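Right after this note come the structures.
Two complexes are shown next, each including chain A; its partner changes from chain B in the first to chain C in the second.
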Partner chain A sequence: MSILHAIFQPGLFSNSSVQDAAIVGAVVALVCAPVGVFTVVRGQSFAGHAFADITATGGSAAFLLGVSPLLGFVVMALAGASATELLGTERQRGRDLATGVVLGAGLGLSALLLYLTTTTQSTTGAAVTVLFGSIFAVSTSTLPLVIGFGVSALFLVGLVYRPLLLSSINPDLASAQGLGHRAVGLIYMVSLALSVALSALTIGAILSTALLIGPAATALRLAKSPGRAIACAALIGVAATWAGIVLAYDSYNWPPAQQGWPVSFFVVSLVLAAYLLAQLTGRRARQGQAQ
Partner chain B sequence: MTTSGEPASAQAPAPSGEPPALEVEDLWARLSGHEILRGVSFSVAAGSLTGLIGENGAGKTTLLRAILGLLPISSGEVRVARGHLGRRSIGYVPQKVVLDPDLPVRARDLVELGADGRRLGIPMRSSAKRAFVDQLLQAVDASHLADARVGALSGGEQQRVLIAHALASQPELLLLDEPLASLDPRSTQETASLLGRIARERKVGVLLSTHDINPLLPVMDRVVYLAAGRAVSGRTEEVVRSDVLSALYHHHVDVFHAHGRVLVSVGEEEGEQGCERGPDDCADPQSASVENAVAGPPRAATVAGPGRP
Partner chain C sequence: MLSGLFSGFMVGTWLQASVMAVVAGTVGFFVVLRGSSFEAHAIPQGAFTGAAGAALIGASTLVGVGTFSLLGVVAIARWGRRGRHDVVTALCLVTLLGIGSLFLSLSTEYAEQTFSLLFGEPLAVSSSDLLPTALLGAGCITMVIVLFRPLMLSSIAPELAAVRGVSPARVELLFLLAVGVVTTMALPVVGALLVFSLMIGPPATARFVTDRPVWAMAVSGALGLITVWVSITASFWSNWPIGFFVGTFAVVWYVIGRGLARWRTRPSPVVPLGLAALGSR
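Now for the complex of A and B:
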């Protein structure tokens, strides 16, 4: 019992910012699961990471303007998605180069905006919040926005689920069925941008791909069918964010400053731990089959 | 010589008397400024298997893509039988499909997407759908692979699952781009006879491209021979002849029959090989196989003689 008390410290469940964080974490993990699985299957993790970096620019601008960072994240992620689609060369290499250039420019702009924020306003910690996030800093008034964006992303992915899956498996098979890549790809890009923005709110802009890619990559090791992979990624994502919240709450008593460790650190570490565990068990299972 | 050879008229009715699943008439197509197809005509009857033979670069993939409607055609006509839904119904197995071993997609998922990959919304489970997929997997001898990841299957197994995927839309016409390439000899033979069986039992017109004619000899009803954008078509013995192919290539071409296999030898210059008067004058067909550009390396005589059982 004392161990349970040590883990779930008094006040955990009654703390309102913990409650909000738990809701935000669950929504974000549930949205990231299907989008992340498609991102991994399509091999577009780099595009996901680029959007994440670009969202930092939006987050910094939001701080400067004094609006909700989520709005900044979403606007910039959508802008990044449309820029990628407009540049959208067919060649993988050309696309990667264009993405790399755009994300570099975005981070540079973000550096300027953060500088302006910290010098013109007396806010400290804007940079840390934008880049590394804090799920505890999400205000209750942002909750409807989080849920709204989350439901929109899920709706879009659900709408094009089968054409998207087929074109992710093999574009030739999709075009043989008369499916245009363009429309399906664009809808996927929008839902990717939305989930990256939501993830940026939870664990910070530059870490947000961890929540997108990590659970999905782990799920691909464990599950054989697309539906199960998404369910598995959702489970891992929700578990990692909730456990991260609990650990961060515990860490308020931890050294050195007794101010609590960053929740993003715990979430990302737990996602990595799940991935490594799946990697190990997967290898053991394959060796077992070989024998 | 016309593009559709005299002994091999494109409009000749198929032996079975089935309606055509595909009619191609005087098809011209260009790709980035180059004329790839120059007046190709042939037809594929329902329930029959046609081999599309030609070397690399002869225009096989371009022809298949033009039939699929993925490529604008300059002139000519492509008529595909209308399916039960009134839509142009073509099943297609592309060339060299790479399926990653990590894909969380089972064989049954891929076959299911062949039936409803165009639909919007999240798929719902149903026993009817499951039975339909099981029946297709059974038709390609892949029932035991239903729950395996597609990326983990062997080349021959993947090919069979892709054929089931293509059949899931219940097409009148099945197109396959080099389905026998990079398969081991045994899978090559199995896949060829599987396609022959699918054509007959499901009354589908099957058109498959290959650079090696030999695995198809036992199962092929007709052949379309493509060279530099022109084609001759007809029954194998009408087309795969020295005089017909020489006219197609504008070069002297030798055709040898040895151990139930066909060796087609396209000379660099007319008369270079010294057996230009035809196969009968060439003393040692095996020695000519060194020159063989089309038929691939000689294998053990696993191929039975031409003609279907």
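Now for the complex of A and C:
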């Protein structure tokens, strides 16, 4: 009983920012699961990471204008996706270069916006908040927006689920069948942009890749079918965010500074631990088969 | 307005930035050729953690960044051999950055210092860093010269390289080490988030200026030098973060490169860069 008490400290469940954080975390993990699985299968981790970083520009602009950071994240992620799509070349190497250039431009712009924020306003922590996240600071009024964007992203993925699966596993066959290859890719890009924006709100713009890629890559090592992989990724994602929130709440009186460790750190560590564990069990299973 | 730009305390900045720009442009040629934009982005971004850690325990930024660059390089190279390379790169990156967020929250540094580690601060160069930077730069250029042929071969024709006994894994590790060295030199000046722009912007243009790899590397180094010099001047004058100018320059170079490519493909198809050079040997 005392161990349980030490983990779930008094006030955890009645704290309103913890409740909001738990809802946001769950929505984000559920959205990231299907989108992340497709991102890993399509080999688009760099694009996912790039959009995530670019959302920092929107977050910084939102700070400067005084609007909700989520709106900034979403607008900029969509802009980044369209820019990459416009520049986009067919070959992987060319695409990576175009993505990198757009990413550099976005990060440069967010440097400028954050600089302007610190000079015109008296806030100094904007850079850290935008880049490394602060889920406990998400206001209750943002919750409907979070759920709205989350449902839209899930709806889009559900809409093109089968053609997207085909074009992810066998792009040549998909384009030969003329399934609106390009349109499917575009819808996937929009849902990717929405999910990294939501993830950026949770664990910060430059860390949001962790929730997108981590649970999905882990699930793909464990599950055999795409549907199961998505379910497994959702489970891992929700578990990691919730455990991260609980640990961050516990850490308020941890050494050395007695000011709490960041949620993002716990979430990223848990996601990595899950991935390493899956890799280890996978290897052991293969060795067992060989013997 | 620019009167302080060439005063005594800026000499170190100019020297270090120039060395760093040339080396970044040269290594960047291979980043673009191998399609390694993600790795070139992930290693500096992960190395931010080293800078934050150094600030936390009061160590030298150069040592901190160097250590974490090396950590990132080894992790990506070793771990990337099994599993998907881009997934592994992404996971290494976020893991390092996650630790970075912990370091940030534990330290009592001012927000301005964090900001300059992320987005660059030309004045952050201390004169004691000058000698290590010069040595690192010289070592990196030497490595590129020595490894030139295996690097070229494994970038363009991996199968042929394997037949000739060039281990792709070893070449990849050495190449990533070069990226790590560039990171160590460039991070304090242009910031963790924008180092990679220096490695992809200039070569994006250079490879369309000439078909010969050595010339392309030289052009890339020269364009890197222009990027850094103009960015430092503009940053000094406007007081805006240097990262903004470096990121914008990358777009300019890329657009010029695309324009050149289109202009050149009109009369005759372009022979893939490097293949022509190998053929002429």
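We adopt the following convention: the second predicted complex is superposed on the first by the 290 of 291 C-alpha atoms of A that agree within 3 Å, B and C clash if a C-alpha of one lies under 4 Å from a C-alpha of the other, contacts with A are read in each partner's own complex, and residues count from 1 in each chain.
The rule is short, and it goes like this: a contact is a pair of C-beta atoms (placed from the backbone, for glycine too) under 8 Å apart; a residue touches a chain by one contact, two chains touch by 3 or more.
Please read these numbers as outputs of a predicted model, since none were measured by experiment.
**Student:** Looking at the combined model built on chain A, do chain B and chain C fit side by side or clash?
**Tutor:** fit
**Student:** Go through the superposed model and pick first if A:Leu166 touches only chain B, second if only chain C, both, or neither.
**Tutor:** It touches chain B, and chain C stays clear.
**Student:** Name the contact category of A:His49: first (chain B only), second (chain C only), both, or neither.
**Tutor:** A:His49 contacts chain C only, not chain B.
**Student:** So, does A:Gly260 touch the first partner chain B, the second partner chain C, both, or neither?
**Tutor:** After superposition on chain A, A:Gly260 lies in contact with chain C alone.
**Student:** Tell me the contact category for A:Val128 with respect to chain B and chain C: first, second, both or neither.
**Tutor:** second
**Student:** Per the overlay, which chain contacts more chain A residues, chain B or chain C?
**Tutor:** Residues of chain A touched, chain B against chain C: more for C.
**Student:** Should A:Asp96 be classified as contacting the first partner (chain B), the second (chain C), both, or neither?
**Tutor:** second
**Student:** In the overlay, answer first, second, both or neither for which of chain B and chain C A:Ser175 touches.
**Tutor:** A:Ser175: touches chain B, not chain C.
**Student:** Could you tell me if A:Leu207 is touching chain B, chain C, both of them or neither one (first, second, both, neither)?
**Tutor:** In the superposition, A:Leu207 touches chain C alone.
**Student:** Give me the angle at the C-alpha centre of chain A between the C-alpha centres of chain B and chain C, rounded to the nearest 10 degrees.
**Tutor:** After superposition on chain A, the angle is 80 degrees.
**Student:** In the superposed model, how near does chain B get to chain C, counting Cα atoms only, in Å?
**Tutor:** Between chain B and chain C, the shortest C-alpha distance works out to 8 Å.
**Student:** Hey, what residues of chain A end up touching chain B and chain C alike?
**Tutor:** After superposing on chain A, no chain A residue contacts both chain B and chain C.
**Student:** Going by the contact rule at the top, pick out the chain C residues touching chain A in the complex.
**Tutor:** Result: residues 32, 34-38, 40-41, 45, 83-84, 86-87, 89-91, 93-95, 97-102, 104-106, 108, 110-112, 114-115, 118-120, 191, 193-194, 196-197, 200-201, 204, 240-241, 243-248, 250-251, 254 of chain C touch chain A.
**Student:** Can you name the residues of chain A that touch chain B in the complex?
**Tutor:** 37, 41, 158-163, 165-166, 169-170, 172-179, 219-221, 223-226, 228-229
**Student:** Touching residues of chain B toward chain A in the complex: what are they?
**Tutor:** Against chain A, the touching part of chain B is residues 68-70, 90-92, 94, 97-100, 102-106, 109-110, 113-114, 116-123, 147, 149, 162, 165-166, 169.
**Student:** For the complex, which residues does chain A have touching chain C?
**Tutor:** Those in contact with chain C are residues 40, 43-46, 48-49, 53, 92-93, 96-101, 103-109, 111-112, 114-115, 118, 124-125, 127-128, 131-133, 204, 206-207, 209-210, 213-214, 217, 256-257, 259-262, 264-265, 267-269, 271-272, 275, 279.
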